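Heads up, the next two complexes both have subunit A, just with different partners, subunit B and then subunit C.
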Partner chain A sequence: MLDIDFMIEILPRVLRASLVTLEISFLSLSFSILLGLAFSMVALTSGKFVNILIRCFVEFTRGVPQLVQISIIYFALPYIGIFFDEFWTGVVALSFIGAGYTIEIFRNAVLNINKGQQEAGKILGFSNYQNLIYILYPQIIKRSLPPITNELINVVKASALLSVISVNELTKIMNDVIFEYFVVIEVLLEATIMYLLIISVLVYISRYFEKKLVI
Partner chain B sequence: MPNILSIKNLNVFYEKFHAVKDIDLSLNEGEIFVICGPSGSGKSTLIRAIAGLEKPKSGEILINNKAMNEKEVLNKNIFGMVFQQFNLFPHLSILENITLPLMKVKKISKSESIEIAHGVLSKVKILDQKDKHPSKLSGGQQQRCAIARSLAMNPKIMLFDEPTSALDPEMINEVLDVMTDLASAGMTMIIVTHEMGFAKKIANKIILMDNGEIIESNTPNNFFNNPETERTKSFLNQVLQH
Partner chain C sequence: MVEVFPRLLPPLWVTIKVSFISLFLAFFIGLFFGSINSVFSKLNPINLVSRFYVWIVLCTPIIIQIYAAYLLLPKIGIKLDVFWVGVIALTFNSAGYQIEISRASITSIDKGQYEASKTLGMGLFTTMIYIIIPQAIKRMLPATANEASHLIKASAVLSVIALLELHKAAINLQGNSFKFIELLALQAFLYLPIVLGTSYIANFLQKKNDDKSSRIDLVK
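Then we have the complex of A and B:
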């Protein structure tokens, strides 16, 4: 039988940890969207060399295991004189990991808009940059929401990896509780439910915006 | 009328394919210049190169007898261009399609831009549609909006790349009527079209292109009634058969 009383007893700790997971996910996704918009804009308006650099970044974030990337950022940042606490190290790591995907999401969305609009903009006198800002990006936000939602789910799940650098998020607290009380099933069940709840709420919000935004 | 555009030895390549070969042409202010020819003959490439959308491999484009590269041509809004597929901005209303470039490129105030937009929209007779989005309009109305958007930028020359080819037959005339109005108002125009009846009526000069070359350049009267080349005769036979 499940020990319901125990599950209720640990609930405040689990909720606090869920809040940390939510905070990290929200911040990381916001930063990776901003990074994605900025880098995709640079990629679409720059020459070969800059594009190769961005390509390398994308391949790195997508090709190297996330756990390794988190460790690199955790151990490498202090080396170059940048000190963050665990929480912000986690946010930085997940933002970069996310950006590798959002850059490609935005870039592809732009490339999928028919070229004619850009040509029309060019003849009207828009610079490449103005074409992106006024013509293309307003149209790609809605198109990009479904893949961004997938990315959001990935970020929430990847945040569990931050337990290795002792961020007090849900997975870390789950492990702590298990080793404190030697109770496994109840803790796992509660953590699983929390992850599913977090993701459902975020997906619901995202779907809401998908319907709200009209082109 | 003074010379407004002359093109000398223009060559455009797509990779290895020689799409436009050594084209010379010249146009006076207020003239209507029609380019016709079979598909793949290079007529669209020629008009796109004139507009600055294709980079020519060699050749010169002179505006008012002054050589200009693509950048200058685009920055100075020398040309307005109307495309087969309209290319309106789908996320903006008809009015915003016209005011956005006025405000962002010409740096004209919002209220003045709206005034200009109202002017051009009533010229093409779709002022009543101004608050709708392009997808809510018929093809003919969308193309008229595209013409209005180009006109608002006050170009010296209007380029039309098969403006009626994507339209249902009953909408072709409303677009051709607007173009005829423009011509009567003295606008200089270069038109790529398959509408031979319209070409005959409106053109001052008409050329036939094939394989990237100008096969014949003539007055519309001679072009249709007394063509110089066999190629023109067979082209006209094909397009005028029905």
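Then we have the complex of A and C:
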């Protein structure tokens, strides 16, 4: 019933596209982790006004559909004079979306640590930033790994939306192949299997690290 | 912006309609399979199938599920309006999450409740309907409200199958007027209150549940 030969024929294209999906996901996850670390540090050490700004950003990334945010970035970047190709626009969009979540992840992880640690650091003469970098952040690595895993899954799934701005990732290639050959079931099945594989393997790896990292 | 605002209201209603109909359907599907999942053993065939289903839903992007519904339904001879294709796709997606939510809330209910109702001579079915599920629904509500906000956001993806919801309508207007940034901002401000509103309802329900359970602990 299934045309296996055809599935094998398109496999190289699908694999290349999955590689692009993986690339985008890893790049944007790392950028959003960096952004999350930086902005959570700013949020934890500064006053009310900055906190309200960061809060607005977080609520915006949560409250607006990802597709709308992607198109906002897609149209807004050239508007303010920044010209990227689709791939990097996609990375920027996904990092932007992911940062909203990672800020909250890191902020909550720090707030969940016993308050005595901060006070102890202060008594030892650490500034707020030193306190965060040397005492608090090393402790939250293990704690924030499960939500980061979640975020990784979200990023891989969100990268599928980048097909609407014609980044050549898995969903876009799937769509192209469907409308080139007019074969639906095989291509959909193959794309689904690729996504299942990618996400399941990534989840398995990060569960492994969760068990390994005992602090 | 003021000029196009009224033209975005009917599509906004479509967005709300499609997400809440799907949420409603998915809630009951989730409740049904979730309770079967939590009551019977793991190797029950229904459980195996529903676990496999949940795995697929949770590990594939929603855009693929929407394409699948759009392209596969006509293949098996079901020709529906694009609105109902959207409802089916979102229900398919949301049911996966709802099964997990209801399974978690039903298993979180104390074992003593089952034993107590057994002592009162109730069968398993009566126990589930009258004792367990009403309590479980209360625990499911916060997560379900969260799911509602997810669904509203996911409904924007239905624009790829040309359902005229908020995002698609805005894209069409962009094509007519070339006011890209204004329309995007307008869209964002239409989505924000609904999505954040539902997620605040979720937080509120969660807090209410937490207060109640802590009060019971105090009485004990």
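Please note the rule applied: the second predicted complex is superposed on the first by the 215 of 215 C-alpha atoms of A that agree within 3 Å, B and C clash if a C-alpha of one lies under 4 Å from a C-alpha of the other, contacts with A are read in each partner's own complex, and residues count from 1 in each chain.
We take it that contacts are C-beta pairs under 8 Å (C-beta built on N, C-alpha and C of every residue); 3 or more make two chains touch, one makes a residue touch a chain.
Bear in mind the structure is a predicted one, so any value in this text is a computation, not a measurement.
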Subunit B and subunit C placed together on subunit A: clash or fit? fit
Field: Partner chain in contact with A:N175 - subunit B first, subunit C second, else both or neither
entry: second
**Asked** Does the superposition put A:P138 against subunit B (first), subunit C (second), both, or neither?
**Response** first
Partner touching more residues of subunit A, subunit B vs subunit C, is chain C
In degrees, rounded to a multiple of 10, the angle subunit B-subunit A-subunit C between CA centres equals 100
- request: Considering only touches as defined above, state whether A:G116 meets subunit B (first), subunit C (second), both or neither.
  value: first
When the two structures are overlaid on chain A, which partner does A:A191 contact: first (subunit B), second (subunit C), both, or neither? second
Checklist line | Contacts of A:R13 with subunit B and subunit C, given as first, second, both or neither | finding: neither
TODO: Once the structures are superposed on A, label A:R55 by its partner contacts, choosing first (subunit B), second (subunit C), both or neither.
DONE: neither
| said: Quick check for you: in the superposed arrangement, does A:F126 touch first (subunit B), second (subunit C), both or neither? | reply: first
Superposition result for subunit B with subunit C: lowest C-alpha separation, Å, rounded to 22
As the complex stands, subunit A meets subunit C at residues 59-60, 62-68, 71-72, 75-76, 79, 153, 156-161, 163-164, 171, 174-175, 178, 184-185, 188, 191-192, 195-196, 199-200
So, in the complex, the side of subunit A touching subunit B is made of residues 114, 116-117, 119-126, 130, 134-135, 138-139, 215
Subunit A partner, complex, touching residues on subunit C are 55-56, 58-64, 67-68, 71-72, 75, 149, 152-157, 159-160, 167, 171, 180-181, 184, 187-188, 191-192, 195-196, 199
Within their complex, subunit B touches subunit A through residues 51-53, 74-75, 77, 79-81, 83, 85, 87-91, 100-101, 104-106, 146, 149-150, 153
